[in-house]
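Two complexes are shown next, each including subunit A; its partner changes from subunit B in the first to subunit C in the second.
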Partner chain A sequence: MNPPPFPDTAEQEPVFSDMGDGDSDEGEDIFLGSSKTGAESPSVPQLNIKAETTDLFAEQASSTAPTVGLGTGGSSNGVQSDDDNDLFSDAHVELPTENASSSTPSGPRPAATFIPGTADMQTKSMEQLEEEEAKDTFDVDVAVTNPEKVGDGMHAFMAYRVSTKSTLPVFRNKEFSVKRRFSDFLGLYEKLSIKQSLQGCIIPSPPEKSVVGMTKVKVGKDDSSSVEFVERRRAALERYLQRIVAHSVLLQDPDVREFLERDELPRAVNTQALSGAGFLKMINKASDAVNKMTIKMNESDTWFEDKFQEVENEEQQLRKLHIVVDSLVNHRKELCGNTAVFAKSMAMLGNSEDNTALSRALSQLAEVEDKMEQLHHDQATSDFFILAELLADYVRLLGTVRGCFGQRMRAWQRWQEAQSTLQRKREAEAKLLWANKPDKLQQAKEDITEWESRVTQYERDFDRISVTVRKEVLQFEKEKAKDFKFQIYKYLETMLQSQQRLIKFWEAFLPEAKAIA
Partner chain B sequence: MMEEEEAEECPPLSPVSVVEGTEEEVTPPRALSVSPGTVRVTEAAQDGELLTFIIVSQKLSGTGEYHVDRTYEDFDWLQQHLFSLEDVPGIQGIIFPPLPARAQPNAPGKLVRQLGLLATGGTWTPYCRALEAYLQQVAGHSLLSRTQHLETFLTSPEPPGRQKVKRGLFNRLSQAVEGIRKDGHTEDVDDFFRTEREHNLSLTGLSRAAAERFLEVVQTEQKIAVACGHFAASLQLCVEAGDDPGQETFSKMCVKISEIMESMKKNVQKVAENDVTTLGLGLDLECRYQEAEKEMLFRRTCKLVELETASRNAERAKPLKKAAMDEIKKAAEKDFDQVSVVAKQEVARFQRARVAVLRQALVRWCELQILTATGSAEQWNQQLLAFRGPEPSS
Partner chain C sequence: MTTALGESDKEKTRSVSVDLNNDTALIIDIPDALCERDKVKFTVHTKTTLSSFQKPDFSVPRQHEDFIWLHDTLVETEEYAGLIIPPAPPKPDFESPREKMHKLGEGEATMTKEEYTKMKQELEAEYLAVFKKTVQVHEVFLQRLSSHPILSKDRNFHIFLEYDQDLTVRRKNAKEMFGGFFKNMVKTADEVIISGIKEVDDFFEQEKTFLLDYYSKIKDSTIKAEKMTRSHKNVADDYIHISATLSSISADDSTAIKKHFEKLADLFEKLRKVEGRVASDQELKLTELLRYYMRDIQAAKDLLYRRARALADYENSNKALDKARLKSRDIPQAEEQQQLCLQKFDKLSESGKRELTSFKGRRVVAFRKNLIEMAELEIKHAKNNVALLQGCIDLVKTH
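Moving on, here comes the complex of A and B:
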């Protein structure tokens, strides 16, 4: 008797009907199904999203190019409204840009939105860039949005909405979202590290814990610094997830899928090791192993040695750059403050001025300077979120890369140790033969067999991890170049936008100045 | 006649050049042989502690120029002589063009404290512009330009005498009435002056505050420029000759970002420069001139006090002394009236001139902002286009 077919499998690809136990590495590549996206979508209703949700990813950048949240503009805070329509509705280029200069809506969106006129050329190319990116990546988009404070007092925490859009059949739905808290992200990282780093994978690292930052949030401080903290964390979590799903191996990991899909996750508890300091310690321990290695292995080691050196150097350089950019960000914030104070002093001058036209002009000037303050603030934000965070991310990522080299080193050591153990066992056997103790001889022979197979296993492991690390590093470098290129492009756009806003402000003021008599 | 032809240069901020057709058409007796609006401080040469300024002015006759070199001592000499002019009735009522403070060339830290906005920008240009404005203001003043001292200053190949100048009548008077300052005597007989004194009091404080706030803005802009330069330089250090394509791409990226940062640095530097040469100079002049008006109003108040004292004395005088006291009172009255007449003219002139100066500063500032930003936007646009690279679909 044929059992009735599962309603799902009748419409889905049969390959994925048993995805529940798809933990083995030898399973089918889940991307086999991606070419058959023409298949009907499952009849299972979309459970996790409100009925009126618009396409969350209308103009979402591709997953390899992290979207930058340029929020915290003006008086709006980083905490999103629940109205999903706001998220990306501005992202489409054709929206009127008249109110671009007066308000900066919160929420992540490409800087492309605000450029009038000549911008169409740039934004189209931005889309082209994104399309090209998309071809290289897998069809998964993730976004982290809507930070919401849950609970009160010191037990409060921020919950973030993780939204995924994918046509990959491995997921139950095309679009779905779940709520996750920060420790969930850390928990995911821990699980991945344990499993994957042994293979030499470069696992993107989550943002660091921050006791100070979170305490402010818990206590309920609603000032700009805690708003900035939340926005910074949200953006970092988003980049973290985007890097994970851009990684072919990690995307296949069931823990990742569970993280994205499952409604309730068990609380991750062992995340102490993942504080900023703990993370660094872990990395340094691993890469110390590389530095202590004195015996040259074989030719291909030159590649690994050179590459390791490169990575270390680059990490140092990026650290230095990060410090410089930090100082730039601080100066811009200072300029914000100075501009605001100057605006007030001009307003007061205007109030005391007898000459009507001059008085009006000075008051107008004060208003323009207020707008300039906003402009400087936006520039500082973009300096920070585009440049500073980019550098900070890569300092951490390069640390992770160093860690991978360390893992390879450990695999090599294990192999070498096994070889010495084997040698010892053989010597022991020889001694026993000479001493003529047949009963112990059997044990010795068994030992030798065991260790022989271990040596073979460890050698294979080492070869495999070497291959993986090499592949990972090359892929990482490619991604890094693309990432930097994309971010610089974004930065240029914000600068252009900034100048254009500035021109508008002053062109509006000029007639007022000329009217002074 | 607005000096607007020099698009990039900062036009002089003298009331003379901006106020058209004032009543200073009266030909002074000993006419200045120089055309007031053409006085220029073209450069400042530093030799150790000594700062020498080159001053160029056009002859009125149109037959050539005067080139002289002067130090700050010479400026001070001129100013002191102006204060102690004789044969100028009501001289106390003149709002003397304010001379910028002395600059100590080898103490950059002190310089900003001494000169404020005039010391920013790393060149002597703003300071020269301010000294130039001072000379034009003196040369354009109907009463002050008559003095031989100004002629000597502007035209004599030899620097004027560097001996210590006898402190003038004006200064003796201001010292003598220090006590009155503490009295807080502010009642005025004339509504015009009562209003003007109140006004001046608030504007002096507010304009100084505005100038100081603007200075802070400019200084922060300069810090940003330096940080951009650092970033650009640090990026150059990241560039390595590598074999593999990943490294090469990254190096190219660093070079690109470095170029962008260099551009940004230049842009911010230009913005700061624009700020100083237009609104910066304007605010600086405004607050110094408000101070000068304050000094004048105070001197007039002192005259008023003198008059009131003399009147009281005359009233109370015993018959023997009465005639003498009456004479003193009459003299004080005449003096005060003369000062008030001159003061009223000066105030009216000043009000017109300062509005014109601020107008020009604001207009010019605005125009330069737009110009610089347009150039900058074009540059970013070019960078963006270059960044897209040779993509077929573009």
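Moving on, here comes the complex of A and C:
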């Protein structure tokens, strides 16, 4: 994906004056939440991609790094860090704050795991969140290439080269690559899911395991279907990583950086039992169970309910679309095969023909049809790799999004249940008071205190996850729109090229046909 | 359903055979036809300046079986043994669109109304195309006859054109039909004879080799072309489904993608029309061409077969004559028989040579015309596609 280049830093000084620009995404402002007064807080860059300007990151002498290696805009940093510290004192998790970044990356930074929403979010309104636009300042480009078979027989596996280009200071180098195998990708997904999905984060999922596909590769079958399988997997793994690094929260996760950077990764053994698909299924089952419970959340804000419905609808529709596109792929492949067969037959006919000019024309026709076969094959490849895979990816992603809504419901439930328990404890205390049992009373009072704090915590959790989910969904939608637009554009280009080639073929043939006498 | 085919339509559809209806003394066409369930009723219209006809301008209704009767009658006419009898038109075959219509009916519940309507339209167009093709093929058959110097004078042909009553009584009865079957069976066995007989004439030797080989190749090509065209149609149909699904998604969608989906839906709808046309043009210019000449070559092979039979008869009569001379019995009959056979054989050879030579020319001209037209149409449709795609790409870019 190649997003438009970013404006340079200079334009970004008063970040929020650019709010009207429809391009950027919401940033990690939560960390700076309470300090934000509008014009000054540096935007926290988000997503996507290739920033042409990397100035934002640690290149400015004056900047204070906000925590975790996220660049911030230049000026107001002094004020910032204090606020950052304040923020984090509230957090449930103690996060080491990072100090001023040097102008040059100076070795690995202490890893900090960010859990979005640890800050106290209640002061921030939904509208504010939605309106914030952060300039993209991330600069991480990931590619998955060079699938290589390692080993032999049933223990063989494919190793992929994962190359990263980034000017982010968190990385040791600007360009580096490592070798990873499929189970490594699954392992990463698991780690991320365990940590993040419970918070309502949308974690992109990796491609699924395929026994059939891999067996063919292991056994050494070199035919077109196993080549296609490997290519399909490579492309899917690449998209998976690109989505992860485009996600600001995930990019900060040390597991992600370790995955990209570390030379030798400990083997992820759990994936034997829990393939990516299995794990995703688990998460989905949890959210489905939640969905099935007729939990009616009394919300004055119907945003979540409405959005959930939208997501469900869209998932269904894309599923349908995927099916018809799949049919197109198959029919085009059929057309490809039939054209090849026809071409051969035409060649034979040309040989049989006794009129010289006609014989030559028929042979030429056979050649044209041969070229058409190649054309159909190329187009089928585009149909598949651009359209079909795009749709498959988003059907899965939308499922994940649904899961996030489910997580939020669970959080709400927990809160409600705690409230009931608290109520019961209070009633129990009242009874004890009346029954005048002073020794049990003490216990009851302790219970009440405990549950009061739990209620508070769960309420906070719920609010936090609500904010996260909302933010994630809005971000996801923006991503999705960009992704679709780009892929559609790419696809149309391939179709255009196809037709242009077709014209050339037939225009070359026409004089041959006219030469028949 | 009645279709009236305009002149321009017919000019376009009459693609596989050329140089017909040149002789203004006898002009035949099929201006319309009626389709009732399986039966097609053709209106055969004749305009003539010949006095052998009662009226200068008249029409009669005819069924497919009437054409077959006429064809078989001509084939069985001894006198025409040395001619290539134009191949009989194939039976009208609505099987394919009918089956698809059936499947469509079954799947109606799973589609949107719009999608269903479009698929139905597509099928109706296909149905119409089959219909037009069968009309064309029947028309060409008659026109081949009317432009043939000898066949156009055939009595049965005139009856076919003029007789204003039902021809059923004159048509094959069961026995004759069986006779036809039998004849076909014998014929294939006789193909072995054709290949086996020692040929005295270089021209025919070459023709025999050529036609036998060419026939099997062109038959193969016809089948493969049919498969290819069908795949093309399937792709065009898929475009309909994609367009319909995209439409319904964009109707529901409220996000930024909505616009893109709308444009894409519109694009696919336009593309499928073009693809549909590509498929049907390919069918007409390529597949039909191959199919027609496959049948024509079969007719030429039949000529060779008849000649080979005549040669075999002649050689048998020679043997009989030798035997008679040996036995000194029935010599005059044997001699007469031998002379007859020789005459027949010579006549067949002479006429056959003429027919086969003109057939060559005809075939080359038809191929040239159709291949040029097909290439031009492919280019035209592709340019259309390019314009549509470019337009959509520009729209996508500016949003």
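To be clear about the criterion, the second predicted complex is superposed on the first by the 353 of 517 C-alpha atoms of A that agree within 3 Å, B and C clash if a C-alpha of one lies under 4 Å from a C-alpha of the other, contacts with A are read in each partner's own complex, and residues count from 1 in each chain.
Assume a contact is a pair of C-beta atoms (placed from the backbone, for glycine too) under 8 Å apart; a residue touches a chain by one contact, two chains touch by 3 or more.
This is a predicted model, so every value here is computed, not measured.
On the superposed subunit A, the positions of subunit B and subunit C overlap enough to count as a clash.
Using the contact criterion defined above for the overlaid structures, shared-chain residue A:338 touches subunit B and also reaches subunit C. Legend: residue contacts after superposition of the two complexes on their common chain; A:484 is shown touching both subunit B and subunit C. In the superposed pair of complexes, A:474 makes contact with subunit B only, with no contact to subunit C.
Touch criterion met: A:509 reaches subunit B and subunit C at once.
By the touch criterion defined above, A:248 reaches neither subunit B nor subunit C. In the superposed model, A:496 lies in contact with both subunit B and subunit C.
Comparing the two interfaces of subunit A, the one with subunit B and the one with subunit C have residues 310, 313-314, 317-318, 320-321, 324-325, 327-328, 331-332, 334-335, 338-339, 341-342, 345-346, 348-349, 352-355, 358, 361, 365, 477-478, 480-481, 484-485, 488-489, 492-493, 495-496, 499-500, 502-503, 506-507, 509-510, 513-514, 516-517 in common. Only residues 199, 202-203, 206-207, 209-210, 213-214, 216-217, 220-221, 223-224, 227-228, 230-231, 234-235, 237-238, 240, 242, 244, 246-247, 249-250, 253, 256-257, 260, 264, 351, 355, 358-359, 362-363, 365-367, 369-370, 373-374, 376-377, 380-381, 383-384, 387-388, 391, 393-394 of subunit B touch subunit A when the two sit together in their complex.
Of all the residues in subunit A, the ones that touch subunit B in their complex are 118, 122, 125, 128-129, 310, 313-314, 317-318, 320-321, 324-325, 327-328, 331-332, 334-335, 338-339, 341-342, 344-346, 348-349, 352-355, 358, 361, 365, 474, 477-478, 480-481, 484-485, 488-489, 491-493, 495-496, 499-500, 502-503, 506-507, 509-510, 513-514, 516-517. Per the touch definition, subunit A reaches subunit C in the complex via residues 310, 313-314, 317-318, 320-321, 324-325, 327-328, 331-332, 334-335, 338-339, 341-342, 345-346, 348-349, 352-355, 357-358, 361-362, 365, 477-478, 480-481, 484-485, 488-489, 492-493, 495-496, 499-500, 502-503, 506-507, 509-510, 513-514, 516-517.
Against subunit A, in their complex, subunit C makes its touches with residues 210, 213-214, 217-218, 220-221, 224-225, 227-228, 230-232, 234-235, 238-239, 241-242, 245-246, 248-249, 252-257, 260, 264, 267, 360, 364, 367-368, 371-372, 375-376, 378-379, 382-383, 385-386, 389-390, 392-393, 396-397, 399.
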